[in-house]
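Here is the structure we will look at, set down as structure tokens.
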Amino acid sequence: MGQRIDVNHLNIYYGNFLAVEDVNINIEPNKVTAFIGPSGCGKSTVLRTLDRMHEIIPGAHVKGEVLLEGKNLYDKDVDPVSVRRDVGMVFQRPNPFPTMSIRENVLAGVRLNNRHISKSDADDLVEWALKGANLWDEVKDRLDNPGIDLSGGQQQRLCIARAVAVHPQVLLMDEPCSALDPISTLAVEDLINELKGDYTIVIVTHNMQQAARIADYTAFFNLKAVGEPGHLEYFADTTTMFNNPQNAEAERYISGRFG
Amino acid sequence: MGQRIDVNHLNIYYGNFLAVEDVNINIEPNKVTAFIGPSGCGKSTVLRTLDRMHEIIPGAHVKGEVLLEGKNLYDKDVDPVSVRRDVGMVFQRPNPFPTMSIRENVLAGVRLNNRHISKSDADDLVEWALKGANLWDEVKDRLDNPGIDLSGGQQQRLCIARAVAVHPQVLLMDEPCSALDPISTLAVEDLINELKGDYTIVIVTHNMQQAARIADYTAFFNLKAVGEPGHLEYFADTTTMFNNPQNAEAERYISGRFG
Amino acid sequence: MSSQDNAARQANTGKTGDIVFKTIAYAAGILILVTLAAVFIFLLFRAWPLIGGDQAANTQTVESFTGGKAHNFWQYVGPLLFGTVLVSALSLIIAFFISIGIALFISHYSPKKLAVVLSSVVDLLAAIPSVIYGLWGGLILVPAIGPFWNWVAKYLGWIPIFEGPAASPARTVATVAVVLAVMILPIITSVSRDIFLQTPRLQEEAAIGLGATKWEMIKLAVLPFGKSGIISASMLGLGRALGETMAVLMILSPGLTYSFKLLQASQNQTIAANIAAQYPEANELGVSTLIGTGLVLFVITFLVNFIARKITEKASA
Amino acid sequence: MSASNASATVKKTGKNLPDIDFDKFKTTRSYAASRKGKDRFMNGLIILAFIIACIPLVSVLWATIVNGFKRLNLNFLSYNMTGVVGGNQTPSGGYGGVLHAIIGTLEITLGAMIISVPIGLMCAVYLVEYADRRSKLAKSVSLLVDVMSGIPSIVAGLFAFSMFTIVAGPGTINGFEGSVALSLLMIPTVVKTSEEMLKVVPNDLREASYALGVSKQRTITKIVLRTALPGIVSGVILAIARVIGETAPLLMTAGYIASTNVNLFSGQMTTLPVFVYQEYSKLSANCPPGANGTCVPDIPMERSWAAALVLILIVLILNLIGRWVAKVFAVKSDR
Amino acid sequence: ACGDNTSASSSNNSGSSSDTTTTEKISGQFSGAGASSQQAAVEAWIAGYESANSDAKVAYNPSGSGAGVSTFLTGATAWAGSDKALADDEVEQSKAVCASGTAFDVPVYISPIAIVFNLKGVSDAGKHINLDADTAAKIFDGKITKWNDPAIADQNKDLKLPDTAITVVHRSDKSGTTQNFVSYFKDVAPDAWPYDLSENWPNEVGQGAKGTSGVISTVKQADGTIGYADFSQVGDLGTAAIKVGSKYSEISADAGSKVIADSKLDDSAKGENRVVVKINHSTEAEGAYPIVLVSYDIACPAYKDANTAKFVKSWLTYVTSDEGQQTAASAAGSAPLPSSLKDKIDASINAIQTK
């Protein structure tokens, strides 16, 4: 089952620069929550704090709490490695491991964690994950080719397959479809719908239609002015957000929508 | 004035791999032509041959002609450098020069063509280009900061500013908005509309709504099967393409659309 | 699926491995400090008689090394230091531009297949031992380059450093600098080539897309990206030149003067070659004196690298 | 071409764009030509640099091959120098050989590699993956690595010699002592090249790995080091190449012996470069007046060149092995 | 082991009944280090010695006289080769390594030092020049700078000497060869040679080169060069005949031996059993060539390890025997030890205690 996430008074810094200010948000388990907002408002930044991925950027640090099922991820005794095993992530830019074949890429999460998996289990897992990412048909005959040889869109779908292959409880996605064509996007959206039965999903997207289609809740981040920290402007269930937002900024942003 | 491009029997190879087969297309001057199609079908590849950018990939080569105002770009006596001066390009991933400030990035292309530019002319140009790319307000106070410090979306807009600053005749854009939020996207689309009075614009996009909004003509590329070369399936003016396509594949692809 | 989930969570997180690995990494880092400290302390320890020992004996030792031309350690080491820096700097000047040129040729100009061949040739050349360069320089280059130095002395002799007559045979600083340049060239080339090849294609495309010529693309994308790599490559090269022993030993006709007469023999000597030349016949105190000069060389390389480091830092800031 | 009327249309928008006269930025025909000329000129210079460099490089190789080929035969490779007197032929029909020096070189270099590769690589890992670049320790480590790369080989030799004098007694000379001296020279090269290679591994990959819940150690060993492996291998080869030809430090630490010694830890050991130098120093051998035609007075120089050629060939083989490794595990990256 | 050559018996003297093999069998590994000048001879001695004592393995590192003596004084080697006799303080230091008594030196290798030159039309025509001590000293001191200088021309009336500049080539490293060479000038032409005796070349004339090989290859590389080197390395360069008495004496091994035969021992050498030759440079002996290098072996009168003592004794016995000297002469072109020294040397060697 997916796990709930409660973010309390979260401030995120890059060195001395306060990038995001005082975020409070409750992310429901087994739901899809979308983060939207203008470029630079800190969507990616907030998302990365949900599995402590920001920590690998030197100087980046947070104040505040992120509770995963009530347990603060930032407690002293919490190992970020195990956090990331429960909270998977897909990035804005596709990043398959260049040394690995397509198959190995999908299995990377399992293999790198030194877990032993039989060949047939591995085959099943690879097929399951690649089918989920709508990549299976395109690559099934060349699973042993390097993952890096795929086109951009194919690479991104491979990364999604890799992330879901470790069966995380929570799945964070940072604009996972921005390099995908509509057909692949649809497949991924289907996948997200499928997965939310088991996982909690948080997705950053620029595409408001996508948010409207797949998200149960939507968080709108904004920026008071350039150089100011970003903040969570408005959080609501998706229907409210897109049909009847109770926030002037959000309304303005959404009405600028198109298509 | 923009220039027309006629592509005749173009085959594009990566080494021995035929990536795109027999493309014939006439790109009208002062119009926007959009390339759409599933991932891996060769949209980027075709686009890059329009200013001979593929040549920097070792082994990549073409057969066939690309006529710019009747002059074959691939004639022996044509200098690819001068081709690229008249045909600007914006890439899928933002690529500002990391050692340069925002200002220098915008001026990079212009400086190549003309070393003696007065400070005030340069200032005007920087402002013009950044405003055009809807980035001015966000960066006007830190023009001397490195361009690489911007967020992804900001970086991409910077690259658009850099490309338009050299005032090319033809502007090629490879998914220029895939890393942009809707507001920036809108601004870029406005800019494209503005520019098409003077330039011929070719844009690759995954976003069919975007194609429908801004393109005068749309080219649909397809892939018979994985591993097969891509090809131009259908080319029509945008209204026909989206409302009444005379091609079954194109119709299937477009009807898979959403939003 | 949930059973697999549990398995995933129970798998060890590799925390012990993390700690052990981190400790080893830190230890390796600290070992560098310890090693250098050991070298420094040892050199100082062995050179101590120069400072704390019998000064009359020291004077006698130095006089025996120099045939009475120098009377104390500083008079002895001064010209050696001068010679070392002169030879290395000259060789770096000669090698630098050529190396960058070759590196660019390999990384951006030659066809891929040729580049592979050239790279292996350069790697091989980086590996040619200095004793072979010594053989080559002493036996083949010296006679071959003589006419060229005569020509230089004749037509450029009005520049003080090229003052003639050029020594015959040309066992001079100029010839040694050429040999050292050849020796450090592959190192500078191969390190900078590796860096040039790493230039992000996105950057190169950005430049090309703006209508840059190849050279402009290199100026816009490749060189800025490779800057710190080039500097560190040059430092590797300079380091090798400063410490080079055998080639200098086997080619140069040494002298102990502060002279810039590159084309004349018996003008300068390097510290390293001097140690090698004098060590076999040195007594206890002589070895101390030579180690003292080694310590000076050590300090000089320290300073050179320190300054270079500051330049790199400033450039990348 | 059409830029001149651009300003009129461009400024019309409501964005309050400045008025731009693009003519000002246009290139002139002569400037375009001069750019092209400059490009050609630089092309020329770069190719010229290459040719200039080729002259000495080809000459070194040529000299070694031509001079070395004369004596390079199976006999030369399969015998050592025991029982070789003057320019006389040995009972086996040769004139002595380098078997002992080849063995010495390989053992001593292997010893140096075993010491320095783990240290150097882990130090690079420390610098790139663990160290806070601003910390004093990291700064001094990377500074001192630079300094260490400037240690003259002869000083490294003095250091090892004296260290063994203290640890193992005065006058100790053996192969391992040479390994210690060489590793001092090798470590910085290994650190620096590995560091460069680790640095260019894209951060994306580390992120991807961390996001899969992989610990830092496994991320480093299985993703970062694996991705950087070909570069590291070629760096280690460069490092070996740098030290395999060291002469001066080995003269003092490993010594010189005419017979084969396979024990790295006891007794003197000849290496190829030392052999080259010693034979060069002999210059020529004496042939007594009554000697028959098989006595070769130039034999030391011939052996010297032949050994030099062997040394180069060993380096070449190492390079090929390294290249092969780098190729088999090659990492494709889309940069 | 792997591929060792079976020791070549040094061709012409296979007299197997030499006294080295008589009494006891020597076995074990032994090493010496020191003068590089002896290298060729020592290699031949090792071959000859090992063929008679097949269980003994002997190694010699030609690291240089200074390093050889230093190493010997640490006790790491059984003996040292040196181009000069021990200094007083070295004798003193040897107490620490020798089981009893102090180290002593015996001459083992005598080699003439040639003045070599390369001059178009003279040396390449196979001709030699005549020089007296004074002229040679002035050449090497840079006082005579042209080959057709009257001082040279007067002694070489039959040669057509060109107006070529003289390039002096000397050793750049500390060298026993240098010291022996200049001590000739110092003794015979003190007015023309104002420098102190030293192993380093004392003036700034001409070019320096590392080692004998460096000197020879430098001299070969240019016209007008002149240098000095061990006779065995001369090759086809021109050599100078030195004025001895009223005649010019050509260089040869025997001519070098003659001057030693005409020399006395140095009585001022402190310590027991030492055999130090005081070369009589101003000899007038018929056919003697006065510029020679005498190189010594240095050993202890008693060793802590009896086996080493036995080895050193048998080694030195072999080396100084007629057979050993013959071997060296054919392998290194050295001059045999004159018989006048033989008794003294044998007495010193026999003083080595093997019990």
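So that you can tell them apart, the chains are marked A, B, C, D and E in the order they are listed, and the count of residues begins at 1 in each.
Definition applied: a contact is a pair of C-beta atoms (placed from the backbone, for glycine too) under 8 Å apart; a residue touches a chain by one contact, two chains touch by 3 or more.
Chain identities (UniProt): A, B = Phosphate ABC transporter ATP-binding protein; C = Phosphate transport system permease protein; D = Phosphate transport system permease protein PstA.
Note that the structure is predicted; figures quoted are calculated from it, not measured.
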item	value
Shared interface partners, meaning chains that touch chain B and chain E	C, D
Best-connected chain pair, where connection means C-beta pairs in contact	C-D
Chain with minimal offset from the mean of all protein Cα atoms	D
Magnitude of the superposing rotation for chain A and chain B (Cα, nearest 5°)	180
Rounded Å distance between chain C and chain D, as computed from the means of their C-alpha atoms	13
Distance from the mean Cα position of chain E to that of chain D, given in whole angstrom	40
Centre distance in Å when chain A and chain B are each reduced to the mean of their C-alpha atoms	29
Separation of chain B from chain C, taking each centre as the mean of its C-alpha atoms, in whole Å	47
Touching two or more other chains - residue numbers and ranges from chain B	81-82, 85-86, 93, 112-113, 166
Contacts with two or more other chains, residues of chain E listed in rising order	36, 63, 67, 217
Set of chain C residues in contact with two or more other chains	8, 13-15, 18, 139, 200-202, 213, 216, 249-250, 279
Pairs of chains found to touch, sorted by chain label	A-B, A-C, A-D, B-C, B-D, C-D, C-E, D-E
Complex contact set, residues of chain C against chain E	64-68, 138-139, 142-143, 146, 167-169, 171, 249-250, 253-255, 265-266, 277-284, 286-287
Contact footprint of chain D on chain C as seen in their complex	8, 13-15, 17-18, 20-22, 24-33, 35-36, 38-39, 42-43, 46, 97-102, 104-105, 109, 120-121, 123-136, 139-141, 144, 178, 182, 185-187, 189-191, 194-195, 198-202, 213-216, 218, 229, 232, 235-236, 238-240, 242-246, 249-250, 271-272, 275-276, 279, 291, 294, 297-298, 301-302, 304-306, 308-309
Sites on chain A touched by chain B in the complex	37-40, 44, 92-93, 137-139, 141, 150-154, 175, 178-186, 206-210, 213, 226-227, 253, 256-259
Contact set on chain D toward chain A in their complex	132-133, 202-216, 218-219, 222-223, 226-227, 229, 329, 331-334
Of all residues in chain E, those that touch chain C in their complex	36, 63-67, 69-70, 167, 172-176, 195-196, 198-204, 206-210, 214, 217-218, 221-225
